[in-house]
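As structure tokens, here come the structures.
Consider the two complexes below, in which chain A is the common component and chain B and chain C are the respective partners.
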Partner chain A sequence: MLTRNLIRNSKFLYSKLKQPTRVIRWNGQVSSQVNVPDGVVSALVGIVGKSNVSTAEAVREQHGHDESYHKTAMPGVVVFAQSTEHVSQIAKLCNDNEIPLIPFGTGTGLEGGVVATKGGVSVDLTKMDQIVAVHAEDFDAVVKAGVTRQTLNTYLRDTGLMFPIDPGADASLCGMCATSASGTNAVCYGTMRENVLNLEVVLADGTVFHTAGEGRRTKKTSAGYNLTNLFVGSEGTLGIITGATLRLHGIPDATAAAVCSFPTVQQAVDSTVQVLQCGIPMAKIEFLDEVAVDACNKYSKLDLNVAPSLFLEFHGSGTSLEEQVSIVDDLCKMNGGGDFKWATDADEKSHLWKARHDVVYACTALRPGCKPYSTDVCVPISKLAEVIVKTKEEIDKAGVIGPIIGHVGDGNFHVFFPVDQDNEDEMKVIKGLSEKMALLAISKEGTCTGEHGIGLGKRHLLEKEVGSGYNVMKHIKKSLDPKGIMNPGKIFF
Partner chain B sequence: MSALRVLVGCKRVIDYAVKIRVKPDKSGVVTEGVKHSMNPFDEIALEEAVRLKEKKVAGEVVAVSCGPTQSQEVLRTALAMGADRAIHVKVEGKDVDAMQPIHVAKILSKIAQDEKIDLMILGKQAIDDDCNQTGQMTASLLDWPQATFASKVEKNNGGLTVMREIDGGLETIKVKLPAIVTSDLRLNEPRYATLPNIMKAKKKPLAVKAPSDYGVEVKPHIEVLSVEDPPVREAGQKVETVEELVSKLREVGLIPSS
Partner chain C sequence: MLTRNLIRNSKFLYSKLKQPTRVIRWNGQVSSQVNVPDGVVSALVGIVGKSNVSTAEAVREQHGHDESYHKTAMPGVVVFAQSTEHVSQIAKLCNDNEIPLIPFGTGTGLEGGVVATKGGVSVDLTKMDQIVAVHAEDFDAVVKAGVTRQTLNTYLRDTGLMFPIDPGADASLCGMCATSASGTNAVCYGTMRENVLNLEVVLADGTVFHTAGEGRRTKKTSAGYNLTNLFVGSEGTLGIITGATLRLHGIPDATAAAVCSFPTVQQAVDSTVQVLQCGIPMAKIEFLDEVAVDACNKYSKLDLNVAPSLFLEFHGSGTSLEEQVSIVDDLCKMNGGGDFKWATDADEKSHLWKARHDVVYACTALRPGCKPYSTDVCVPISKLAEVIVKTKEEIDKAGVIGPIIGHVGDGNFHVFFPVDQDNEDEMKVIKGLSEKMALLAISKEGTCTGEHGIGLGKRHLLEKEVGSGYNVMKHIKKSLDPKGIMNPGKIFF
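Right, the complex of A and B next:
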């Protein structure tokens, strides 16, 4: 009787409200979602047209989560912008009405960056899909927010150029700017920080500006503050990136792929350090522990030796490739590496690297029905072996499945725990492990996040890591976004 | 058998990643300012020819394109991917729209005879007209065997063993040389043109000819009446009950009235 009344009452309340307001507990905090009033929704329709505004639950649900373990929190409305001018007007509208504004690219983030914990407006930028210009002689390209990295590389394919940053997913390039993405190629080509020349940004009050000045695309500049790199990695909390000028690189003449397994993690990492010290221009050096190799074998039907392994890629031409491979082969052998296999055949290489690319799915497949919870610590290479070994000890002690995959060339590694987000006890254990790893990294002159961003899950670690820099960051945030509408609840609480 | 001379057809088409827009006057699609590139099936054909050269089965790869001046960009890409020389059969003005597979087939068969070609690899179809005719017509004009929709090509004594993708599955046939092969999607994954190769390609020979050099007149055989967008997809309807579903289906005549 009581229950029936409760249900009847809540249905009555629900029908009274035009938009549901939910109270969400997040990391122990109660934060209420901000309603998007009907007046604002109509104003949005006025800016972009009726077909570009949606309050449909399915659309809002899709825009309320990314590929992380963080649970969905839906925005009140999703608006599809088709131009920078649209984004500017939308920002001004949200700022005037103090409504949270969250940019949405491809939803492939790993730290909950798009999760609308405070409700508000999700501005989907995928329709801004123009490749504005490619300057082949200058090695740069100008793109709008909706262009993904594979779209750009497909467009570039007959110019002999490529944009090499490869975080795995087919992410939007401006989203990659916002999270300061990196990937398997960083050891050779750097991360987004080193490859963005200019950004077009919309600020909270609707101001549109270019971080290096409109149209500028020089390889270097000393003019004023480095605003470009201020916004790279800002995760939508300082402004919305609507366009980017990116540095391109030549497609390598020839590539070779190799795999080598080692008896211990220490030996694999030692090999990496020595290879780098030899000055060999490695394109990729990826570490997989035996759990990850096993997952790959099962998922991608490979036949690798189940032991800590290095996946290597060499870029060069003909003879220089052979030389590089031979030096690395010797170094690996010196460190107990066995079974050094290398391939130049296109299909073989493709098969090998696809397996590495699919490793997140392979790890999740170890426990069907689970989502991937990934950690992302990065330390100086000299500390890497010690940190990985300690991490493995903790994982074994906790008795969970935790495959380790590392961009060892950068001192960065991930543990991809396959987790059941609804199992609270399990989540507690995994979060505990992740916390331990982050703190360990911070204690070893490292960072709690090498490439995924702070997002929702690492806010409590930021101050510990950057120390007094934290207040400097807060000053900048307050100055550029006084009302706190730009992706609230991310990076800072 | 001595190394083969291989001819590869390369057509300049609108890039496969571009969103096609129909011209308001319905006379065709918008091509001004739109990115063009080599027909993807021709890229696969070229890749196969270059791989045959790397295996020392082929000795020379000749890339041919019939089209306007800009077709030379496609030929430069072909040269950067590994072709040894290129022939541009220049087609201008009204002839560009009038050109059909039959004209291309006649031109290619004449080139095959002049250049003493042993093997012709063509894309199975172009992604703009989807005709899937040039390979077959050329084989007929030359009276050469044809192995179409190839997903695997191997040299054997005196000819080729080709696996073909057909509706029923995979068919393996043997053809004697000289022959025509048309490439299907799974034959290979084409390489990218790299900067050093693009530079080298600038020095490779590219001859410019006209259809008349091969005794071909590009006379229009068909007239395009109109080009239209497919109908816009309409929103579906949700129904509450099976009875409602049945009555709606009856309304639009999809099931007979009782």
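Right, the complex of A and C next:
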């Protein structure tokens, strides 16, 4: 009761408080950071309990960065929500007091989405870790915000089902919704966009709603606007995703894996296009340039041919698998591909794909003591070889190490630069290369980001890419978050 | 130049005009119909030329209804746009003068989307019929608003590609975007939601923009909000879709078709669930109840077993097809399915699926002189048998004919009532049944419409279904169409 009153009165208690504001230097830019008044901190304690509110520097520091190169900016306070009702009350409190509110899942993002550039409240959702329901017959699962993809897949083990989207990190599923994550399986199973049936969302004013209506979990709906896909990829700027209903898929009967190397990037990409044109339902088709292959060999103790290569995975039942493999083998050979290196048993397959998934560590290990600076772009597949080749030329010209890894079936690729983030000159070179890559992709009917998001680092590119759509996005943002408290400074300046 | 000046000055010319308003009776409700002032009609002539503006009653009548039971309400004027620039100028004119603007494709919708309940301007997009580009290597095509799906597929014939979404009618592709169409292939290829890469849209104020940025056609993007999927399914209420970039798919090497009958609805649905759980990539898996099968037998001269049945289509390459067919055959038999009736040659396959596609005519023919009243709902597949059985009981209790046809793999089904639309008592009974069906679906975690849309007939159900999301939708509508001119009275009252 005390809590409710506190919340009810929060507007009157705090809205007139002059919020202490201080100007800080942020990545070379000036930013106005809103600290959180003591009264609001007390009200947060009233909502979630003392042990779930922290102003300790170590906790704030941990919540002030993700896995990207973006510098840490700490929130004023971190609050650990345990329920949707908590999140709703926290949002209302922050909205009434015009305090920034930043959702935090696992902090594994790659574009600075959780960095508290304007201070405020970081709401940590990891304690909301319930798997609410699995409807095996309907191929869906309902989870709360803190459940990670590996936790869900472990839980599903006995059902014969899986959630296939795999961005690499063991990210929270609702965080993956917020960033529209994808990864190696997208060529077969789509991205989060195709795999979310419903979202539970808390708006800035504390309103709780479900994008498709409470409890709904149909594969299709034509009832009103598709709010689900509006919130998927909104990066916390429209509301906080506190729960999700996700599509599940059957675990395939059989899988096969292989690596094939090619004389040139073009031939690897040509093979991919032809494989897709033949309608082969590839589970994964990943490109690694020779620098990345070399890094894998060293880090994961493989002996792959150091050349542009495709890592392939096939899913299916026995006979169809053999047929798929045979067609792909033929197509790769026609394009100058070397002999397939087959992973025949489970251990070998697992080792091969672990090597692919560890590629970011492998690339980082190319320069001991450095951290990875990761960026991604996406283009129509017909432009991919050209864009990769030009990017490699730029990397060589700059004299830096920049292995290229691509979800080639989607036209999406990454460069993982191992970089000394404290060396300003070096960072300038890498940022310049990242910028050139993004502008090149935009000039080739592509996007400056296929899966990392706009976050902090690509805001200046968004309007260039989407034109008048930028204002449409801002109108929508304004209509749902009029005070601009939801993850401010992300997507838009 | 004259035209440009006309438009530029339109605000001053007409905004002060008092628009003649008359109160009309509309489906038993009172509606305020805005007629179009002569000055606006002249300005429209200035934009598109005299031959492309019509106030003839026959033309207005044709544009005042779709293929649904909803009564005709004529627009004040019909204008045939020939370019996006035309649509932009028309929108600006209507917005300045607060005149309703209704996009018109092929008029094949099923929920009254084009009915001019509030009068205004119907903008016919059929003359914008350019296929702008086909990028075979990238599996995409760019079309303007008037291109229909069959026209595109005919054009694609030599590329080995196809656009698979098939709602039955030869609808315009942009109309299919606007209504988020799907149909028999959705179980395999998804709905429009999964198959649109970019949209060209004209907003109420005449702004032209591309939901993913002009010219962009990547399979994935994380750059800002997913405006593409916000406009897919928005039923003309947020803007007019004047162009689309669509995903294409390879035409399968081989196809096979079969019909299998079952003792009960439950057994047909159980077979479907098991087939999907086995990961069989069914191209189509359609349910027909015994009433619909009987109608098909009579209309299409088939001799199918009159029982709940599945119509199946398999796509694949030779070997994988055989394997799929064999597994599905086994599963159906385990669930009491009768012998498969195979369509072995191309003619037989085509005859079988033509019969399925003609089912609406077959059902209508059960009562000569009547028209079809079609409604659809969608539920999680585990609830499907129960909802179909209850619906059949209600239909029997009411003593009417109501064949049931379902896209069973998606949990989506239709009833096609052959009805005398002039008989008010009969219409009341059918509307009552349709309402019960929708409420039943909503009570079973489902939606009142899986593919027809909210349009006119299900507006009263939307808030019940989506709860607080209804206000979120209205906020978005208001932010993009503040004067409410875009297809008013659809989705919302």
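Here is the rule we use: the second predicted complex is superposed on the first by the 465 of 493 C-alpha atoms of A that agree within 3 Å, B and C clash if a C-alpha of one lies under 4 Å from a C-alpha of the other, contacts with A are read in each partner's own complex, and residues count from 1 in each chain.
To be clear about the criterion, contacts are C-beta pairs under 8 Å (C-beta built on N, C-alpha and C of every residue); 3 or more make two chains touch, one makes a residue touch a chain.
Predicted, not measured: the structure shown is a model, and the values here were computed from it.
Enquirer: Have a look at where A:151 lands relative to chain B and chain C in the superposition and call it first, second, both or neither.
Expert: It touches chain B, and chain C stays clear.
Enquirer: Should A:423 be classified as contacting the first partner (chain B), the second (chain C), both, or neither?
Expert: neither
Enquirer: I'd like to know which partner A:317 touches here: chain B for first, chain C for second, both or neither.
Expert: Touch status of A:317: both partners.
Enquirer: Have a look and say if chain B or chain C is in touch with more residues of chain A.
Expert: Result: the larger residue contact count on chain A belongs to C.
Enquirer: So in the superposed three-chain picture, is A:347 touching just chain B, just chain C, both, or none of them (first/second/both/neither)?
Expert: first
Enquirer: Is A:252 touching anything from chain B or chain C once the two structures are fitted on A? First, second, both or neither.
Expert: Touch partners of A:252: chain B and chain C.
Enquirer: Looking at the overlay, what does A:160 touch: chain B (first), chain C (second), both, or neither?
Expert: A:160: touches chain B and chain C.
Enquirer: Looking at A:42 after the superposition, I want to know if it touches chain B, chain C, both of them or none. Which is it: first, second, both, neither?
Expert: A:42 contacts neither chain B nor chain C.
Enquirer: Show me the chain A residues, by the header's touch rule, that chain B contacts in one structure and chain C contacts in the other.
Expert: After superposing on chain A, chain A residues 160, 250, 252-253, 317 contact both chain B and chain C.
Enquirer: Along chain B, where are the residues that touch chain A in the complex?
Expert: 15, 17, 35, 37-38, 77, 80, 188-189, 191-198
Enquirer: Touching chain A in the complex: which residues of chain C?
Expert: Residues of chain C touching chain A: 135, 137-140, 160, 179-180, 182, 186, 190-191, 193-194, 203, 207-227, 229-230, 232-234, 238, 249-250, 252-253, 273, 276-279, 281, 315-320, 322-324, 327, 378-382, 410-412, 445-454, 458, 461-462, 465-473, 475-476, 478-480, 491.
Enquirer: Report the residues of chain A in contact with chain B in the complex, numbered from low to high.
Expert: By the definition above, chain A touches chain B via 151, 154-155, 157-162, 250-253, 317, 346-347, 350.
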